[in-house]
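Next, two complexes with chain A in common: one pairs it with chain B, the other with chain C.
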Partner chain A sequence: MLLKNTWNELIKILAKPRSYIGFGALTLLIGVILVAMKADGKSFISFVTASFEQTLSFNGEILNGNLMAFVILQMLIIHVPLLVALVTGDLVSGEAAMGTLRMMATKPISRSAILGSKLLAGAIYTFLLTLWMAFMAYGIGQWMFGAGDLIVLNNDGLVIIPADDIMWRYFYGFGLAYLSLLAVATMSICFSVFSDNSIGPIVSTMAVIILFTIIGSLDVSSFNSLQPFLLTTHMSSWRSLFEMPVPVDDILNSIYILLFHIIGFAAISFWRFNKKDINT
Partner chain B sequence: MNETVVSIKGLKKSFKAFKAVKDVSFSVQKNDVFGFLGPNGAGKSTSLRCMLSLIKADAGEIKLFGEDIKDNRSKVLSKIGSIIEKPDFYKYLSAFKNLELLARISGSTVSKSELYDILDFVGLQGREKHKFRTFSHGMKQRLGIAQALMHNPELIILDEPTTGLDPQGIVDIRNLILKLSKEQGKTVILSSHQLSEIEMIANRMVIINKGETLIEGSVHNLLNSSNMVVKFQLDDVSRGEKLLVNEFSDVNVSKASTNELEFEIEKIRIADVAECFVKNNLRIYSIEQKRKLEDYFINMIAEG
Partner chain C sequence: MKLFSIYILILFSFCAHGQDAQSLLNKVVNKMEGVTDYSANVQIIADIPLIKILPSNAKIYYKKPDKFKVVSKGIAILPKQGFTDMNAFLSSRDKYMVVFAGTKNIEGVETSLLTVIANDSDSEIILIKLWVDPLQVLIMASEITTRSSGNVKIDYKYNLQAKNGLPSNIKFTVDVKEFKMPKSFSSNPHKTSKSKGNKRKTGTIKLNISNYKVNQGIANSFFVK
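Let's look at the complex of A and B:
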């Protein structure tokens, strides 16, 4: 029954116009960035590298597909949650508002199977959105700009990663990005279980992400103990894959905390949904 | 021997301080068309929601097909088709696609041809591929009935299925329910706030008001064997009242105005009263009769 209803959920997601907003927005945003960089990227790169030019000389093409994927992932990882929540935040509350949750709940399918199938469908949608982001940022980036060594600036300074040592980093990088977006999706589904309207969970998800981002960026002592456990802190953990050497322990810590969020939000959702009175 | 399909005892449900259902009890036998009657806000939908485990009852016993819904939810629900409140579907999907989704979780294997057949049965042939959002209220109700029937359930629960329908739509739904009962031997629970509707379709009924069961029994017995409230329009009401008291000592006059005399009496004795008045040279301008239960129900609705 779980798999049958997951298939149902995917059909519903595919039939809803709002499901395509995320794909459309990503195509547009990444497309604009890629075209803009193609047109005027060299001057942008020389502006960024100007401060190093007295001490370093750069050979080869810095502006390449690998750099573009890095820039795009960095720019969008905070914004893509909105596109995810737009669909996942509506999965339970949208049906409650429409009255279709009532129709479903009168069928011989358990509440856990209903919610489980929504979580699975939400996870699949998030995966497809991440895959699209990877295709647009990495695939199209490589096609438009070609491959090359990646130069990134992080806390330890300038890191130069050879072209043949990059692909696996993006593979795991987009994997980590997926995990953090899955945590956002689970959070929005959790909010959705508590609500009977579509807008509330979407707005609440974004509000939490904005709040956590602010808490995470403020250097206030009372927030310091909270920061390592915030979801948003680990949303940019993919960047660690572009350090030399790769801080495996930090990445594993981020994975554990993201998984903890996913399991925690899912557990709260199941607990609440199984008790929920369907009054709409 | 009758087989009890539904047995509800002492059902209670509150929403914070509001007691929506205080004490509802009734039972439905196999092949009944059972009227669940009560004015708006009486607690009908809340009781039905409890029966289908959409909401959790605070107290009471709900047994469907002899099993507790809490313990055997999936098994019990696979034998039930229902529309609660109103039929809501995915407006961005076609009628057929909506049915296909719900059929997948109905607990039975329903083929595509069976879905087309059920759409034909409810009169939606030719509209299968149309989006739900384009449907009229009547068509939505028909689709609701189709989803309630598609897995061939033993018990069908319809919550005010004729609300908002035009007269032809009401007749169609009524005929459909009768067809389901007579031709397919289904047990039907039909909630309504219209006594006339229940009278036309149901064989047994329960009346609830303010969350409590008031009366339960055979529709025929409750409506036709009960006393009648009779209103005589006479030329001399005071003489008529005296005659009534003298000749029919067990009858109490409930209301007397300048030209109207109202009292409660068995149906078969109305003619005797009329004969008595005529023999005593009283002119009868009109005789109006209402069934006591109907009068009671109308008053109940008027009181809200």
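Let's look at the complex of A and C:
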């Protein structure tokens, strides 16, 4: 029953035009970035290496598909959650607004199964969006720019990773990105359970992400104790996969925190949905 | 009269040293100029503050007077100064003056220190110190002071191509400027900037050069990017 209902939920997601906004926006954004880099990527590279170029010369193809995928993931990981929330924030509250939620609840399926199927459908949609982002960033990037060693900037300077040591990092990197987006999706579904209109959960999710991002980026000592627990802080944890050596314990810590968020939001959603007085 | 004799003696001794220095440098430059082009395989081991890179392999190509190309599968870091610029500078004999500045023992070899000073006040290379093995006419070490890139110290070791003055191992010691990334660009929850206290300011790049192919002819078009 759960799987059948999940399939129904997926059909409902696919039937809504807004579900394609995310894919369209990603295609356009990544396309623009790739074309811009193809046209004028050298100046971007000089920004990266300028501090060293007085004494050192960097030889080889720095501007390659691996760098493009890194730049795109870095640029979009904060913005893609908004595209996810656009669909997942509507999953429960949209039906409440249309009046179909009440009808669903009269069917011989438990409320937990209804919500479970919506969560699963949201997770599948998020996965497809992440997969599309990976295809556009990594696949098209490699096709346009070719492979090569990856130069990564971090707080300590430059890390140069050989080309044959990169693919597994992206595999896990996009996996971590998916986990972050899944946490956002569950948060927006959680907000959706509490609301009877579509706009509220979507805007609330956006507001939380913006607020957490600002708190996370401010170098203020009073926020330092808060920052390690914020969802948005761990959305950039995929970057640690591009360190040498890879800080496995730190990455696992991020995974645990993201899973805690996912389970926490899902648990609140189930608790609320089972007690919810469905009037519409 | 006695004072005048001492003055003449000192002046003569300086002139003699100057001539010695010039003739030794001429021998070095003549040896360099015997090589019109070469290609070689090179293993690059860079230990530079703020840059983490594994050893890489590349192929280098040189053609007189200043054509130089690095071909590598991946990213290879090399010093900006010290390859072609020194050769090109030393080959233009009217652009500098040279003085003898002492001797130094480098790994058992008694070397003569030649200080090469640029005549032109706008020259990119301001000063070169060369520690030359006068018996084999080989540069054992050098220190290049440039207008824009600071100091580069270079140590050379020779093997099969010593007769052409081409080293088998080169160690560059370069100055590296401090580098601070904006937080927004390098945001990583697992990384915090280290304190500036004990950061190194110099880095080394070691080159292990093998499989030299000397004076086999390389077309100019090969060096066009």
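Keep this in mind: the second predicted complex is superposed on the first by the 278 of 280 C-alpha atoms of A that agree within 3 Å, B and C clash if a C-alpha of one lies under 4 Å from a C-alpha of the other, contacts with A are read in each partner's own complex, and residues count from 1 in each chain.
We adopt the following convention: contacts are C-beta pairs under 8 Å (C-beta built on N, C-alpha and C of every residue); 3 or more make two chains touch, one makes a residue touch a chain.
Predicted, not measured: the structure shown is a model, and the values here were computed from it.
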First, second, both or neither for A:Ala15, with chain B first and chain C second: first
Contacts of A:Leu2 with chain B and chain C, given as first, second, both or neither: neither
Partner chain(s) touched by A:Ile124 [first = chain B, second = chain C, both, neither]: neither
Contacts of A:Gly60 with chain B and chain C, given as first, second, both or neither: second
Partner chain in contact with A:Arg102 - chain B first, chain C second, else both or neither: first
First, second, both or neither for A:Val203, with chain B first and chain C second: neither
Partner contacting more residues of chain A (chain B vs chain C): C
Chain B versus chain C as contact partner of A:Val159, first or second or both or neither: second
Chain B versus chain C as contact partner of A:Pro247, first or second or both or neither: second
Intersection of the chain A residues that touch chain B with those that touch chain C: none
Of all residues in chain C, those that touch chain A in their complex: 48-54, 56, 58, 70, 72-81, 148-150, 152, 174-177, 179, 181, 183-194
Footprint of chain A on chain B - complex, ascending: 15, 49, 52-56, 73-78, 80, 82, 84-93, 97, 101-102, 104-107, 147
Residues on chain A engaged by chain B in the complex (per definition of touch): 1, 4-5, 7-8, 11-12, 15-17, 98-100, 102-110, 275, 277-279
Chain A residues touching chain C - in the complex, by the definition given at the top: 51-62, 148-149, 151, 153-160, 162-163, 216-217, 219, 227-228, 233-234, 236-237, 239-240, 243-244, 247, 250-251, 254
